[in-house]
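Each of the two complexes below includes chain A, the first together with chain B, the second together with chain C.
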Partner chain A sequence: MEPILKLRNLKVVFPTNYGVIRAVESVDLDIGDRECVALVGESGCGKSVTSQSVMRLIESPPALTQVDAIEFNGRDIKDYTPKQMQELRGKEMSMIFQDAMTSLNPVMTVGNQIDEMYMRHQGDSKKEAREKTVKALELIGLPEPRTRANSFPHQLSGGMRQRVLLAMAFACMPKLIIADEPTTALDVTIQAQVLKTLRGMQRGCGTSLLLVTHDLSVVASIADTVYVMYSGKIVEKAPVKDLFNSPQHPYTVGLMAAVPRLTDKKKTFTQIPGTVPHPARKPSGCYFHPRCEYATDKCRKEMPPLMGQGGGREVRCYYPLTAGGNM
Partner chain B sequence: MRDILSMKNLSVHFPVKGGLPFVKRGVIQAVSDVSLAIKHGETFGIVGESGCGKTTLANAMIGMVRPTSGEVLFNGMDLCKLSREDFKKTRRQMQMIFQDPFSSLNPRFNVYQIVSEPMFIRGEDDEETMTDRVVELLELVGLSSEDLYRYPSDFSGGQRQRLGIARSISLNPSFLVCDEPVSALDVSIHAQILNLLVKIQEQMKLTYVFISHNLADVKNICDNMAVMYLGKIMESGNSDTIFKRPLHPYTQALLAAVLDTTFDEKREQIILQGDIPSPINPPVGCRFWQRCPKAMQGCKTIPPEHLQVEEGHYVACHLVNGFPDVRLPDRYDAPVDGSKK
Partner chain C sequence: MKYTYVIKRILYSLFVFAVVITLNFFIPRIGVDDPAERYYPPQGNMSEIEYEIIKQVTRQQYGFHVSTGQQYMNYLKGLFQGDLGTSFRPGSPAVIDLILERLPWTLVLSVSTMLIGVTIGILFGVLAAVKRGRWQDTMLLNASTIMVALPAFFIALILSFYLGFELEIFPAYTDSTMVSGFTWTWEGIRRVAQNAALPVLSMVVGSIISYAQGTRNAVIAVTNEDFVLTARAKGLKQSTIRYKHILRNSMLPIVTSLGMSISGLIGGQVVIEQVFNWNGMGTLFLEANNSNDYPLMMGIMLLLSGFTIFAILVTDLVYVLLDPRVTVGDKR
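This part shows the complex of A and B:
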């Protein structure tokens, strides 16, 4: 099956006063039709820069972007003009941002903001657009959609605002939706509601989803394929069940053990020693070696390549953990 | 064991100011009628969604907010009735760790100034003693004496939180309120800070109040806990008991909403409808009835009492405790239609 998105060898660099920050280093990403791909990593690992580069939202300057191909739906959009990109954004690929309060316009009613999508991309009249908006809000599970469409963002709760963003992202039935930490700002009970809606909408509309998150439990509940990122590089790629049942990269193993679980023993928390390296001062060899308990001299000198492990799995480690342990 | 801190019928209300003239002002009932007791040396967890009053309750515990009614007893002394001098002396024993390590440290202070400020305020003026103490504290929290003259901007989130912890224990307190100490941190740093908190507690025999919205953290670190919703305690007691057998429908829903990294397809999913209501006009009866999947007619009008169901396990729910008056007409037990809001 031809993937919806094929990203090849993406490099993003930010020259700063403190040195060159290599935010993203040679990232390849494939998203299949109707697939939900999760990009997981800690803050500063380059996951948001990667996802925004796909939509070509990273401005240059300050950033220097180099990419071999961004193949979207069979076309290479790497050299699209800003005008062509505008046509694409919202209509064929759209984005859900983390903080719904800052990504909605505070002085426009939410209805008007969604109407814009239909008026801009489908050439609807104001009246037709509003009808579609109400339908979209209803679909997304907002109570009293017709009255709610006339509210301003500050009159809605966090969960409702996130739903409005969902409605907006799904408005033109895009081929690909990029959700950047869509539930991080929400409470657990609301997070469960929003994730359920997101999953339902994605399946219902036949959309592909790129989910950017730091929360492994969200990944476990919604994704099909997972990419784990560390310090600008993909360190592991695997189907979600395989990744959680037998993580192969020591970083993934550590990350999973570090997530507190209801079944854990009392007063002991498994930790990864050390901290994420500063993006301008990355270590030699494998970026994870200072924090890795299995590191050898080879790891300290050479960056391991991303090696295929069969079954759609890839791992960037000389000594992948095959047993998987009892994580 | 003796209680280090107890609260009796504590309420904290905030008036809603501003708006148009002649418009009736409202009152935010941030905390209403909370009674809790915290024992010496334990870790007491407070869980709830944002806006449920966790932080206000914590602030009231250490006297940062004056209660509207009720009392806070610290080692038997009522915090509100103490004189200024006595309050200052008592306050030394109680400290706080804040949620956001980026805004709780003065960016213009260096590490030495940040950590020694509490001592300075308490009248310590010998530089050498303070430097020794600061270095000792830094080593305790996993930083080193080399960091003494660096500024907060040089540190990562986890290191800043360590600084915040060093500052809060600099006066040898006995009672520490941790207000979401790890929720702003990355997953891999998260565990490091929790381990540090556990270590310090053992060394200094501290009592913690641990506020969090992460149930797994609370389960693993706390001895006793309370679940809050819209300013009221819904369920409280031993954390193992509550996690093993949650009795309040809200606690059950919260537990079910915790996503896990294991694949258990049989796990029951309770997804609550709607949002947390505004604390300005909270529901008259049980505060949770509008979202409760098991609400009964009587829940709308009769507020449930916080009653003991088993040794040390308190629940405020009509479903568990039964309605107070057994002769009430039986329609009180009729289920509420879920679609009605």
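This part shows the complex of A and C:
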């Protein structure tokens, strides 16, 4: 697969009053053409910061961002000027956010907000843009798109608002779409519909997708490759089937055990003991060691590197688990 | 939906105004059997009979000789014809005439202060928000801190002393012929401007700073909202984001504070008018108060409350234009 995005050694630091927060530490990320990559992890592990850094949306200052390369569609955009970035954003890579209610401007009609995309990136007149907007809304499955385009965000249902965000993100047929928890704010039935639409659009438009989520059932249903993040670092990377069949990092195992399964007769699910370390006070060695039942002295002292396991798998653990159990 | 809301707001304002009118009618009648006693309190050196005669005359003159219900009807009828009653002043001038004579002079000060304050304040506030944390912003922060400790009348005294008495740049004291000798000529207008300079200057500094601070905070609050990140992710130009997305939303709280200050346009500068001997509404009210001129006080109160209700109504209606969410009742 021809890669669309190659992110190398991304580091993002937030200086705050209560210490320096290393939100993202040396993250590498590869997204292939038309691939759907999922980024999963508990709240606060740095998923949003990573995904926004790809579009260079994290404002530095106040943040300090360092990156070796952001290779996008064959060009390194890490040194692009703000103007160049503006041209790129929305047109070649775009973003879908979690809460469509707050992510849409409350005093502008949704139609006008989508029109902006065509007017900005395709040089359309207001009228041409509106025609395209109506088509886009229709494609995304919004009933009565022409009248709905004149609605304000608060006049639409949650599912419809999220569809508006989808239509906006796909407006200019970008190469890459980053969806940051696109369905978390919706109830389960609507979630499934919106995900289906997202997947359908992604396939239809030939777009690559970076899906940020902490919902493993979403990952299982649409991702090709999964990156698991913990406390600012990637701890495991694997094709989706392999990850679900044989998770190798104890944290991944814990994450999966924490998902209640309907097929599970006992209907119990276990929690990973302990909590995520405070981002300004991370432990020594492997960040996961205080919560890991297999931790040894080595784990407490040294951060394990990300180690290739073959078959496109990588894991940051000295004692990766195999299908049979811990070695 | 929008129109029903607008009509509802207008009806509601009328209702509140009706309540205010009624209160205004009853306040002088509360706690006394005879409103004539309120209007003409007994004085020490007066015999019973003398006082009875005086009260008799007062009742006749102010229409207290009919039943309270009838008085109320007469009062309402008068209001509809623009009659706010008669003042106690010699010659029994109509309250409405006294007010109309002073109102323009107060508006000269308050409206110019507000216009200057709003325009410069908003511009400066936006600048401070854009240059957040840099010297422009720090300057505003320091200025607002200082302003907290400097009331307008204090500035007024200082300006009056230095620019008025010492340097004689502007009149320290309003020239009493400014009003009586006013004509609609350049010369007349120039004289008003000259006399208004110091009073306006002493109020405008605080006005600019408070609008600037309010605008800055509103703009920064909106800048941190999710939809601004969306706008950036869409690749919109900085200027589009700023004017189409941020400023429009920041205007909402600013309109509210604007509405508040509109209601202060008439009665908000009693002290400044005193310092500069400016013959406006504030001075009129003090005069009425000092001479126990009940009808005049009530007339001014009615005007002030009516104007406040009007200002709030206008604010709400402007909000309807700016914020589509208002009509469903989930105003932020």
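Going forward, the second predicted complex is superposed on the first by the 316 of 327 C-alpha atoms of A that agree within 3 Å, B and C clash if a C-alpha of one lies under 4 Å from a C-alpha of the other, contacts with A are read in each partner's own complex, and residues count from 1 in each chain.
The rule we apply is simple: a contact is a pair of C-beta atoms (placed from the backbone, for glycine too) under 8 Å apart; a residue touches a chain by one contact, two chains touch by 3 or more.
Because the structure is a prediction, the values reported are computed rather than measured.
Of the two partner chains, chain C is the only one that A:Met55 touches; chain B does not reach it. Comparing chain B with chain C, more residues of chain A are touched by B. Of the two partner chains placed by superposition, A:Met307 touches none, neither chain B nor chain C. Once the two complexes are overlaid on the shared chain, A:Met173 sits clear of chain B and of chain C alike. With both structures placed on the common chain, the touch criterion links A:Lys241 to chain B but leaves chain C unconnected. In the superposed model, A:Ala280 makes contact with neither chain B nor chain C. Shared-chain residue A:Val20: touches no atom of chain B or chain C. Residues of chain A that lie in the contact sets of both chain B and chain C are absent, per the superposition on chain A. Against chain A, the residues of chain C that register as touching in their complex are 225-227, 229-238, 240, 244-245, 248-249, 322-325, 328, 330. Chain A meets chain B in the complex at residues 42-43, 143, 157-160, 187-193, 195-196, 214-218, 220-221, 241, 244-245, 254-256, 258-262, 264-273, 275-276.
Contacts from chain B toward chain A in the complex involve residues 49-50, 156-159, 186-192, 194-195, 198, 213-217, 219-221, 243, 253-263, 269, 271-276, 341. The touching residues of chain A, when paired with chain C in their complex, are 52, 55, 57, 82, 85-91, 94-95, 97, 99, 102-108, 116-117, 120-121, 152, 154-155, 165, 168.
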